[in-house]
């Protein structure tokens, strides 16, 4: 039936493609007796759910894959080329990507931008040009979105340190502010943003229009001897950041015009063992990985990837996950991992799921209540993990 | 000594970078008693040697790595993004890359070009814009250079089949010719080029200025039932192409205005076993891989990757290399491989070396005389292998 | 399914693909392509007729003997007899559906695959979904009756993203387009 | 080695990098950077002084205790105590030489590594070679005294390709730039 077949092949182009917002997986039409000809279409998805997790492909895979933690199935992908940064609109309408593209791949004209994707069609809506951004990747705090979803802050390093501010409502670059000696941003609602500094202080950048006023806290940590992992966590409900240092010290900072920083405690001491030290030859449990911790905000429990080693092994993957109750400053559970994991996130749901991946790019979903590994996804992506944080 | 260190860090930029054409590997300065401050520089290499091999990184690695078969060491890299095609100037002065680049990575404006690299500095010299080219990759005959080095032929498929002709002396696109029903080109010196066709014929395209005249041989193979592997070999000294089909039939075509094609022989019969067949369920040795054969032109010996299987397993990696004497139509040696290999080339030297790589991207160098594996290079690249063919 | 004037459709599409070439020029080019050799998805049909595949148990390929009809996220699903790439069913799409934000190519390579439930052969169009980076999930490369570039519509290595906004390859679908018997 | 006015050099370079910013503006920005916090390769020196590393056997890191001085194509070569990336020595380059066609970045992150032959600490500038795709050979990631992005000159994840024609990362060298003692 050549004519029929030909029709099928060409029909789709003439129709245009129907956009189906129905079931995410069409059942194959071949289980019954009569096999019917099919036409091609394109699926869409719902806005981000708290049970989903977003895995950056990192160096090897130029996309952030969206997985449903409950089914372990992939929902779609957002383009995130090497060294791009990904963020979710707090209202769930958009996915944002801060990225740098040369006009000829690795040569030509440099183009920096925030690309805006519709969260249901995953279509590119627009690009907001930027004067620049840092090229590093695998960081969650070089591209942050304010809690109200109206402003994005894009860290730049040229190698002069600064921040580019983007109006996400007008989708326009607003201004660039300098941020000497600091990086690793966190939102500071109603003020602007805060950042960690090489002198061990927390800088707070108050933004008024295109003006920025920078104030510093007293130094509270050693940026060179016991650095704070720059993939820290931020809780928008409490307006609070939780920091973790290489040795295992945990700080919390209450944000505002003049942030206050808690006295630290040791994660090892919280587990009943001796605190981590900076001296070599002292074998101990240390935190490590690229994204070494995740905060379950409803319960105030922090999940930390831990490994046995010496100091300066801060990039090593974790062989255990320690669950810390931040209120009581106790490690309430230690879980052994089947294979070492490098990045960790947790769903902000009543029944939290841990999302982890390792250097090989395989991801797992673990039920916190039972400790059971619910799903294992090969080649999910090897870099940072993001979750939607319901308001 | 802060000042000294600061000098060292900034000095290089002020000086510009010295281009050293000396030893490829500078000895570290740290073996003696006094460690001296160093400055940065850039190395250069010689034009391509017959003992070198060039491995396309394929889908995963956007460069063609140059290795010295004698030492197993990498000499440098030429940019070959996904689906690019690589060719060597017969005079050894340039490396050519036919490539397609979007202005914004996977979106924006499409740019097709032949990029020209100096073979000693590996610097990009210029780009020759093209109206288009096929996107497929892992083929050696979609971008070929005439024996005199003056003309390049770039296959296009839009999905209309055609060839773009480039003047490599003037570095300009000349014209596009249509090539209906044919692809997989080979040089045809003094005439233009030839190509294989879906009707089982060999097309010869005589080029006069911007005019092309296409003639066809009588059909001699079945393009759908027993196809010729399109990564065939061409011998510019004999003006002859050697073809291999899925079942293992070997043909040779003497090129010219009216090419002549030899009667085929079976590689399995040449090894004393029953010929390959197109019927399923017939287990036999079959040729397979992406680049399943290599011709050592000085000796007229063909090296073929062979695997045990059924018909339609033509992409399967080889577990043996069969060495065929084309003159006597005998398999003179069968070599077992430690791990399956997908691409094969051979140095055009008196003491030939086999270069192979597998799907994982690891490459090996095997001495044909002794069968010894001289080098094994991890992550060398997973796609086609090219060698320089001395005049 | 609606009725179409397939020839008219095809021509319109092909003119669009050729970037505004005039009707006359396009027809002459197409004519050449169609007469001299199959270069379009129209033609796998004649290929399917020409091959007259033997579908007796002994005539089945290794793939066909082991194929299943239950799970379209596995490489051995019957329609995938000549697919090469990531299965869209593992990428947020479906057997004939592109994942969100990707775009199906209107032209494709084809396979002739045997459904083990009814023993019949069907024409499968392997339409690539384009415009997103490679999905990376469920990579399959099956090669029943897969041939070389000079028969492009039976070659599964070509990036079949023509007439789409972007030619970036995301994943492949396996659309049932007709019976091959 | 020739003598330089390092401060003048630094300013010229930094102005170039900042894309033609006026001298006055540049100086004020730099001043802020230098005073408020170390943000430039000048400053690893003060870092090296501040750290006063303990180089007794017990004070050595695991990397330093196992480092060798013979083979600069291995991750445990002494200078690589804080390198991250492909070793240029495996890519057609040398310990302080970029492979053909690549371009060394004039600025870099630094490490303080101990040479096991003399037991002394040296400042190593890990200059990235840029403008070619990732070499792919000999990937190493050592992290002695490697810190986070707010101390960028001690962070080995940044793409240190500033002031080069292309910022594509190819491989990393380990250039001896001075004694840290």
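A, B, C and D are the chain letters, set down in written order, and residue numbers restart from 1 in every chain.
The rule is simple: a residue touches a chain if its C-beta (ideal position, glycine included) is under 8 Å from a C-beta of that chain, and two chains touch if they have at least 3 such contacts.
Because the structure is predicted, anything quoted here is derived from the model rather than measured.
At the far end from chain A, in terms of centres built from Cα atoms, lies B. Here A-D and B-D were compared by C-beta pairs in contact; the pair with more is B-D. Distance between chain centres (mean CA atoms), chain B to chain C: 28 Å. Once the centre of each chain is set as its mean CA position, chain A and chain C turn out to be 37 Å apart.
Looking at chain D, residues 107, 132-134 sit in touch with two or more other chains. Each of the following residues of chain A touches two or more other chains: 62, 79, 81, 106-107, 124.
Across the interface of their complex, chain C is touched by residues 1-14, 17, 20, 24-26, 28-31, 33, 35-45, 57, 61-63, 65-66, 73-79, 81, 117, 120-124, 379, 381 of chain A. Taken in their complex, chain C has these residues touching chain A: 1-2, 4, 6, 9-10, 12-13, 16, 41-42, 44-46, 49, 69, 72, 78-79, 89-104, 106-108, 115, 117-118, 120, 122-123, 125, 127, 129, 132-137, 163, 170, 173, 175-179. Every residue of chain B that touches chain A in the complex is listed here, in rising order: 60, 62, 79, 81, 101, 103-108, 111, 124. Per the touch definition, chain C reaches chain B in the complex via residues 14, 17-18, 29-30, 32-33, 35-40, 47, 50-51, 58-64, 107, 131-134, 141, 143-152, 154-155, 157-159, 161-162, 165-168. Chain B contributes residues 59, 83, 100, 102, 106-107, 110, 134-139, 142, 155, 157-161, 178, 180-184, 195-199, 223-225, 227-230, 279-281, 310-315 to its touches with chain C in the complex.
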